[in-house]
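Just dropping this structure here.
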């Protein structure tokens, strides 16, 4: 698969996790691609720069530079959308009112801790709303390829990258499998790609259990 | 003077202290009467239940039970009025954005501390926004008759009533005089009633200095 | 789409239990969810803890709920005008926690915002600061206050769309928008319910994410009063 | 009535000084006071401390002010995309204080609200919590954050009435309303200025008490960009 395909496979699988009426915040990168796979699901997208009810990108002649996503891309308003200031946006995020945050990730530990904001030994100059979403969202789904460009697994025994918060995420969705984190265990809920459970276990070299359930049905 | 007259004398004198463009919060009681003496001064009245730009009472057929003052009296909106929730109302009050709070008072100490919310040995069951206004307003003017019904002075060496906050008020305006509190001193800025400075000094039995200045001119 | 509109809280009877903390909007009767309060009076529940600026007016709103005997404790800023509350407090049948109005508002807002507590300058040095931690920040004295959250919030708005987006009317806004953020279940009573898209996005005060159930009010305003229709 | 409308900050040159802390609204360029920033660039001041979510876009807004050398420190949440800021930080010519976006927003709001500081759950256990007081409240871990205030706030709104009441447009609202409350002097740049009474009281976001000066913007939107007219 090309890199583009891989990202879309992950995004599509994440879309299946989202349910009607959920309020969802999509991070930058793969999470943004999820929009394309929502089909007619009635999901309400929150954007931390002050919007609930983000609609699809505008037509060229309808672009408004003052209607943008947190990724600073032009967007539209869906019916029933609301606008608010940054303080109130984070009341919504940190206060536990977002049903699902979908976040890009650099590393995930076997305890479900994540690193998604900083790279060791490099200047740490950006965090945005990532830590607020991790602290506040009811459910956190992380999106990412399972391996780095150098072939290193992103699912690791201990984070080498700076941690993003104490919170254990719910799911790590990759192009190979859906990983859940429950009671200190990593559980493969679904195999997506062409590696078997045994192959994944060998490549990742972490304790792993398989428990295939159709978790995304409402 | 009748009690009604006395209250109006105080209210009228307080009105003279207010300046064009000031944002003012008027407490319940004598402070509310100040409205009648504002004439064409462009003062913006804030009401802690969520309003800036309180207008005069409505005509009988224009009463809206959902447009009331903090004293729960029907009011109107002036041009340029704004509405906000209670949290934002106290951002305005506690955050130092109210130019003048005019408050009723039970006692004022010679240090300019006030007691205006509770009576000793009685259940303390109401405070409202009094302490927020005292903590936050740029200037606090207190309104009250100088003596209780029993003839006891309200301006005292030490408060016997529970204090309302650490803040030293700026002026105590009574039917006899305007008292200012500066550098630990009580200064009579103006004699209003028919007691002379010497008579006031004797009846109050506190250190008192006279310094008549036309303080209310802009 | 799940419909948030209900006729009566009887349809969601299971969310009400003894000993719950209920946030109730309103400043006096303005912005008070009178219909919802009437319906709570019909429920067989007890020992409620109310968080509300005050206790309605004599014979109206929360005052009725309190005189009915359902209330064990009230947390608010102003109960002096309510003779029966004062009496019940004196007799030890009602617990009252008095908080300055601005501190109450801020504590509720923090409860909804994932903020655990805050330092306010209000009430420093007074009886209401007794037992509270004091801290100096940049040379000024502050006291610590904990955030307030509720099991249920009952609030009043003007218009709801079918999603649950809310607008308010005049000073009936007061505590309602912040209470909407600070409880597990939020029930709003409104004058009118409109289609999605009818409210201007710029003017919606409470986004729908905060609202669980919508009830059409049974009260209308007549002069200074609210009359059950 | 004193007129709050000014042509340029040159008319209030005296409020700007070296070493001031300036709160600047905007998320990227949306809601950024581009005209005021242009005018600040003309002033002979230095060592500014900026509080802003990020530093504009390359060549636009705060980024210009920073590359001009007027900025000593920035406090915000996201500077990674700004190569020159990263470089200046590496070389030690720019001080950066990184704060999670929600903590930044809350700290500014508290600055305007007379709240000295607050406990947030955001960033607990991370590098951004190092050196910060931690406290457990009701079984959850929080860190302490101090309120943020500024000497001057420069903000962007859609419409001002002559009193200074403000409405905003879409996601250009962002940090602007809270920054309006948290500085000694507040200067707003707007698309249009209208008579008092033209704005619906229910829809005004920033009451006039927070606004000191109003400037008509010199920028218009063309597609995704802002163009100086």
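Order of writing sets the labels: A, B, C and D. Residues in every chain begin at 1.
To be clear about the criterion, a residue touches a chain if its C-beta (ideal position, glycine included) is under 8 Å from a C-beta of that chain, and two chains touch if they have at least 3 such contacts.
For each chain, UniProt lists the protein as follows: A, B = 3-oxoacid CoA-transferase subunit B; C, D = CoA transferase subunit A.
None of these values were measured; they are calculated from a predicted model.
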item: B-D or B-C, whichever has more C-beta pairs in contact; value: B-C
item: Centroid spacing, where centroids are CA-atom means, of chain A and chain C in whole angstrom; value: 35
item: Intercentroid distance (Cα basis), chain C paired with chain B, Å; value: 29
item: Inter-centroid spacing, chain B versus chain A (mean Cα positions, whole Å); value: 55
item: Residue list for chain B, restricted to those that touch at least two other chains; value: 77, 83-84, 90, 93-94, 135-136
item: For chain D, residues contacting two or more additional chains; value: 106, 109, 113-115, 120-122, 168-170, 202
item: Touch-based graph of the chains, sorted into line, ring, star, complete or other; value: other
item: Pairs of chains in contact (touch as defined earlier), listed by label; value: A-C, A-D, B-C, B-D, C-D
item: Chain B to chain C touching residues, read off their complex; value: 47-51, 60, 63-68, 70, 72, 74, 77, 83-87, 89-90, 93-94, 118, 123-132, 135-136, 162-166
item: Complex contacts: residues of chain C adjacent to chain A; value: 1-2, 109, 112-115, 161, 163, 165, 181, 196-197, 199, 201-202, 204, 207-210
item: Chain D-touching residues of chain B, taken from the complex the two chains share; value: 20-21, 23, 42, 44, 46, 52-53, 77, 79-84, 90-98, 135-136
item: Residue numbers on chain C that touch chain D, as the complex places them; value: 106, 110, 113-122, 135, 137-138, 140, 142, 146-147, 167-170, 200, 202-203
item: Complex contacts: residues of chain D adjacent to chain A; value: 27-31, 53, 77-81, 85-86, 89-90, 96, 98-106, 108-109, 120-128, 141, 168-178, 205, 221, 223-226
